[in-house]
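Below: one structure, written as structure tokens.
To keep things simple, chains are lettered A, B, C and D as they appear, and every chain counts its residues starting from 1.
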Amino acid sequence: MTDLPQSLPQAWRPPMGWNSWDSYGTTLTEDELLANARFMAEHLKNAGWDTLVIDIDWYDPTARAHGYNDNAPLILDEYGRQLPDPVRFPSAAGGKGFGPLAAAVHELGLKLGMHMMRGIPRIAVDKNLPVYGTNYTAKDVADLDHVCKWNPDNYGLNQSHPGAQAWYDAQLDLFASWGLDFLKVDDMQTPFHSDEIAAYHRAIAKAEAKYGRSIDLSLSPGGWVATSYVDFLRENAQMWRISDDLWDRWEDIYQQFARLARWAPFQTTGHWADADMVPFGHIGLRAERGDDRQSRLTLDEQKTLLALWCMGRSPLMVGGDLPTSNSDAIALLQNPALREVLAGSTNNRETVRERIFGKWWDESTYRGEFIVWSADAADWADGTRSAHHGGHYAALFWTGSDTYEIGRNIQLQSIVGLDARNDDWTLSDLYADAPGESADVRLEGVGADRVITGTIPPHGVLWVALDRR
Amino acid sequence: MTDLPQSLPQAWRPPMGWNSWDSYGTTLTEDELLANARFMAEHLKNAGWDTLVIDIDWYDPTARAHGYNDNAPLILDEYGRQLPDPVRFPSAAGGKGFGPLAAAVHELGLKLGMHMMRGIPRIAVDKNLPVYGTNYTAKDVADLDHVCKWNPDNYGLNQSHPGAQAWYDAQLDLFASWGLDFLKVDDMQTPFHSDEIAAYHRAIAKAEAKYGRSIDLSLSPGGWVATSYVDFLRENAQMWRISDDLWDRWEDIYQQFARLARWAPFQTTGHWADADMVPFGHIGLRAERGDDRQSRLTLDEQKTLLALWCMGRSPLMVGGDLPTSNSDAIALLQNPALREVLAGSTNNRETVRERIFGKWWDESTYRGEFIVWSADAADWADGTRSAHHGGHYAALFWTGSDTYEIGRNIQLQSIVGLDARNDDWTLSDLYADAPGESADVRLEGVGADRVITGTIPPHGVLWVALDRR
Amino acid sequence: MTDLPQSLPQAWRPPMGWNSWDSYGTTLTEDELLANARFMAEHLKNAGWDTLVIDIDWYDPTARAHGYNDNAPLILDEYGRQLPDPVRFPSAAGGKGFGPLAAAVHELGLKLGMHMMRGIPRIAVDKNLPVYGTNYTAKDVADLDHVCKWNPDNYGLNQSHPGAQAWYDAQLDLFASWGLDFLKVDDMQTPFHSDEIAAYHRAIAKAEAKYGRSIDLSLSPGGWVATSYVDFLRENAQMWRISDDLWDRWEDIYQQFARLARWAPFQTTGHWADADMVPFGHIGLRAERGDDRQSRLTLDEQKTLLALWCMGRSPLMVGGDLPTSNSDAIALLQNPALREVLAGSTNNRETVRERIFGKWWDESTYRGEFIVWSADAADWADGTRSAHHGGHYAALFWTGSDTYEIGRNIQLQSIVGLDARNDDWTLSDLYADAPGESADVRLEGVGADRVITGTIPPHGVLWVALDRR
Amino acid sequence: MTDLPQSLPQAWRPPMGWNSWDSYGTTLTEDELLANARFMAEHLKNAGWDTLVIDIDWYDPTARAHGYNDNAPLILDEYGRQLPDPVRFPSAAGGKGFGPLAAAVHELGLKLGMHMMRGIPRIAVDKNLPVYGTNYTAKDVADLDHVCKWNPDNYGLNQSHPGAQAWYDAQLDLFASWGLDFLKVDDMQTPFHSDEIAAYHRAIAKAEAKYGRSIDLSLSPGGWVATSYVDFLRENAQMWRISDDLWDRWEDIYQQFARLARWAPFQTTGHWADADMVPFGHIGLRAERGDDRQSRLTLDEQKTLLALWCMGRSPLMVGGDLPTSNSDAIALLQNPALREVLAGSTNNRETVRERIFGKWWDESTYRGEFIVWSADAADWADGTRSAHHGGHYAALFWTGSDTYEIGRNIQLQSIVGLDARNDDWTLSDLYADAPGESADVRLEGVGADRVITGTIPPHGVLWVALDRR
């Protein structure tokens, strides 16, 4: 049987999708996007993946790997609004924008998103194009003092000028008319541009009301974004990055432990802190960082990333070109535990983070950190898929490059509460069906003395559900 | 397009269903249940209604309207577990219990629930039947000192005896084997039986794990249940009553204002305070209170009940016999705003409650109370149905028996926040398509001075959405 | 021994003081204030009372009972800032303002506050006086469209003009130079003037920094103030009214039950919702409402008011002329439980509110409401005064005009938690030493069945502490 | 003037005291304690320090530095309860316990605490002494399976035996009769002994009620204590350790950053997560770890410890022998900012934690972590001491061993909120009067672009208050 609602609140769980950045950088084509969409519909949609995002510079006909172009001849309409490069996106020819592409993606039961820079195109300012629906021009509203430091496409907007809001309104009106479901807006948070964010959100709200559809707003990038902004971010966006760009190296994953621990208490339905890309599978085809490769992350590091993102309730945006990614990566993404924990865990938090030494009192023998996350499990309306009823989730991570024996320090009651002793509990491995070696993890002991124990591989995780027998 | 998940957390929104108590009391038959199920599937399922609950004494072959029977010859199995009366529920013949009926309801895409009393049948104790799976007998586990004060079927359970848990485990094992989705368990909260509730929850958790399905636990009744119990209730149940039985009279609805205001801050996904039945349409066919009738609540009182329950995020359980209920009642239940607000509102709370007098300083001229609730609106993934994006909901109630002119006291910013002045806002009537007269409600003024104003009918409500233009 | 800190966070507990409004209206004199201050120092300071507030129109030489004067010849300095009427406040002569009076009050170990209206004196505008420290004039900054509806002294301020902030800065600079500790600012919340409140708060912050002292800001009045404003109010004020003026009649106290229940979850250190005056003792000497009298509230109503205000953590501002108030009123104010509960209770909330009928199902027999509040008790550093360690407080109110037998519905565990059964508990009457009859309240039963029971007098309360034996 | 209350809630702010462990280990004498008490009264009491704690084994006449003694001839009374070694504590002679010493400390206006081990002395069990007030004996209540792993004094207690509670009751009755104010109880949390903690708390509550005084309960040690236990810990203790023992090395301080960040959101009045000792000044005289020395922490590391503990609202327990400690250590402890922030900050949290590299994308150039904490400042009733009104606190830490230039990444608005632009703000150094070099920290820029910038020394901190001008 089924309990499917006809509709759900927007971003009711952290979004799960694909983004072109890690594989195609600024150069994605329509064919490549559609190939990924078809692969998702066939192989990943059942596991919860449902969105595809076209990253930066889809309006630059000179886009290339490894960098941005000064003075690029951006494709704009008569009001300075960006249009897709018709060479890369043939369906956009004739001013149709991403409308035909969105329709094709919707046809597959999926959602389409795209990237946008804060501000107004420099070309629109140089040509002093009119701001749609107003008597202002691009020069009136541009702010030449607050421009992006790393991308040369745009100037800033002078938010004290009434035409600045009108510019964003006009942009969003066009984008929403194409039927987009998701917008990733860049250069918003470092430094933190609160006026820009609020103005963008207002423009989206108006476009949503006009076109009767919802559009997720994703803010980027997130270097050093303080948790102090959380109320403001919740009011204005569906998700916001909490770090700079993440790539396929352990250091980048390691850094997310502290950030997700800081943000986890603030994750609420509809509004999510975002730990960035999942750089799995075939990446670097024509990307910003590195060359064509399968992800350099080990299988254990990939399991760690997914378990940490899910326990921290971060959105998941895969970067690898799906049709040409290795089968292990695809198998990891098909794990139903991802959606289950993203959607149905509460009270998620880091409960232990300890530095481990080979020899006590000798700092030179530092081995790594042992980190525990726990969460409560929601029950599920569809009993056929999951046996995790009224239980809990735990992830036990090890950041060292050797293996780690847990010992007897993690009492079951520290995960499931003080009534651990009153019930029989079972432990099940959430990576039981995943590629790679079986996990060594188990429950031992009785009553209040019961512990979770086992061995964690290098940069690895034991990810388990704990249920009443 | 669609964003339908294959599964969702249990009770991710307050349940919406039908319960036999108001129409059939203790006497419901299989045919009557199925008639209501078919009606729900055809006319109400699209609006979010999906559960049917068989109320008390389905195991009593002598059940009748207006009261309970001492020494009734309850139908029990050899372990004392209740079985449906095969006369009223022919499909249960041959020891099949509610299995066939559950299958028939599931076939309609709906869920089946039933009622149970705390404790163990007196007959099982008198006969000293064995407790399934143990060497104990019913006499070992019964508690003759803590029996229900209003229903004579059962004794209590001695929770310090190990067989007490075994009894509940055995019961739930049987019920879950039938495929039930929902259990309403009675005499749990007045007085508050914490050991019983925890034991029942443990039994359900075990049955859920064994049968791979989830079962919502609804606790009843709720007279004087203190909010102090909220953590315990969340740990153990999906919903819990917060009042004694509610019937079709204004006084009963009026009393729920204070209770829902007290509980609203504690409503969280998966765990809901329950303001009891929605006594609309054709009730009293063979019920506990009153005779065969269409609900005595006026249309405005019915609108008030639904708006209050939704703004307070209470489960909705309709009591009227659906196929024979009046069309106005059915039309009210079909309003898509019910599910929209139940599922997608946050930060729900009473913000104003004021006693109004005809003449200032003269208590003898008391007219009624003016009460305001507000909530934030989630955005929606399915833009085809709702235009309420990033907005807010407000309900303005009037408990007096004359009409009430709101005046200029309800500033828009008290609902939507201090940026009320920065945006254009629209107001839309959530009862615009409902039966009855159009609501007189509107926005007036500009900026921080903007107010919501209008006229509220006797015992009525103005229920609106406020959205950015 | 002692644990006295040299300083504490501002408004670390709800303020306790005296305000001239109920006894002297607009007409208070210096001698009257000092008589109240001396009485407080001698008889009430030990119980926590420490502030005296001069209410409205201390700058109007024509002030009188029962009303305000149009075109009153307000005493202003050359910049339009109000100065005390030197006839009523001789120490203010020579432009010394309330400096000498503040010094005299400080000498007694007490604090001095005064009242102020939002906006700028009409006289200052008519004369177009300069705004101190600027090149603007009163006409530049006045807003003639947003004037107080009930007091004719002032115009509003145009908050979009830069001189508006300068006006408040200048006012506060003068007031702070006098050494004031407390400001009650009126006409701020009905309608809600967020810009005015923020501007006033900024002016206070600057004055505090300049003069190195703190000034409590109290906002008034509070008719229909929505809880939605709570974050803004916390950011800007120490206390804010949540109702219109309260006088010595039961109806006014009765109305505060719903308001305090709504606000109680939001009470946090430093920022308090304020249920208004405590109209006890000798009031109406030359006041706004009614004639010279001892408070018309019965002794039980007075006990109800104090218990409700304390359980709701409202500031206490006594209105009666202290030296000439009846001894019962003074004895009630001397109860050490007031400060104990105001300062050291947490998790304060209404847990039960039930309408009681003489005959079930018969609305014509409505008797009143039975209302329960509970809170956790902090332990105390000074063991000599209080025996309430790690316990709880409960107040059981009855709004009917007959007496109410509680019966057995209030389980101890609903106040102290589920371990009620594991401990021996004692109940002590917080009004044990108060005037009036001894309370009839006790613990009965054992374990989870233990209940609080007793009889509540008309409009009365049973107020108790519950401690582990 | 003054606003001093006669009493305050217990542990209304994190305790500030001295503990003998770092300097005297198990061997403290009465003379040494009194010397420290006199020094505190004279030099530190004004800054908020008010408690002295005698650490472990005060009942062992054979106590020595560097370890514990098996089979030590503990001094016990006839019921097995520990008594002070009368050689080291002459005033305890004649069975007077710590009564005379407590009186002497109280005479100085200070509080006395002591250490206790979980369980019951092995000697009491070997001799099978009676449990005071019961017919049980020590053998009845002992649990030989759950004994401390590192100290041989005691056996565990069998908490399912009724005499176990009686044993703790008897112990606490004796200790409370001496007039103690503080108890540090050891071996409670690793592994987590919830039954022991609850039993100990019950015993304290009974003793508090009997003797009319309050006793702070401090739980220890805290290795790997999960935040999941927070509700339980709040219910039962005033403070609880969150790490193993901390000594005077950078590694130990460094580890506390992650732990305090995890616990900071849970710090509430009366109940504090404890980051352990402040090992400043003259330590190791006869201690567990290391030899006689002045603290090996650098001055900057000491400033970092104090700023982190205060921003995280951890109790402060100094370990150095005060009379013989170096003047820099004493000067740091006299800083009024310690008490100010401990007592009057709210919303304390880590907002940024970033790993810094010398060369981007090159992990081998890792330099250290840049960590920011912020908090809101309470206003203060005693304006003579502090100019921090309605402001904020920020601490900017650097864990690297070189110096760190902050750059322009820390926007003022990330500390003080989005109205940073509307006010003039001042920055003041909370270590302005401390020993060592002046801090290089300042505000730069205007409006939303304003940043905090400066240079942080190795392992150092910039600790500032931000106030409206």
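As a convention for this text, contacts are C-beta pairs under 8 Å (C-beta built on N, C-alpha and C of every residue); 3 or more make two chains touch, one makes a residue touch a chain.
Heads up on the chains, UniProt names are A, B, C, D = Alpha-galactosidase.
The shown structure was predicted, so the numbers you read here are calculated from the model rather than taken from an experiment.
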item	value
Shortest walk length in steps over touching chains, chain B through to chain D	2
Joint neighbours of chain B and chain A, given as chain labels	none
Same-residue or different-residue interface between chain C and chain D, half as cut-off	same
Chain separated most widely from chain D, comparing mean CA positions	B
Distance between chain centroids, defined by C-alpha means - chain B, chain C (Å)	40
Inter-chain centre distance, chain C versus chain D - centres from mean C-alpha coordinates, in Å	37
Where chain A and chain C are represented by their mean Cα positions, the distance between them in whole Å	49
For chain D, residues that touch 2 or more chains besides their own	none
Chain-chain contacts as defined at top	A-B, A-D, B-C, C-D
Complex contacts: residues of chain C adjacent to chain B	190-195, 223-224, 226-229, 232, 249, 251, 255, 258-259, 261-262, 265, 349-355, 363, 372, 374, 408-411, 413-415, 417-418, 448-449
Partner chain B, residues of chain A touching it in the complex	1-13, 46, 48, 50, 106, 109-111, 201-202, 205-206, 208-209, 211-214, 268-270, 339, 343-344, 346, 378-387, 389-390, 419, 422-423, 426, 467-469
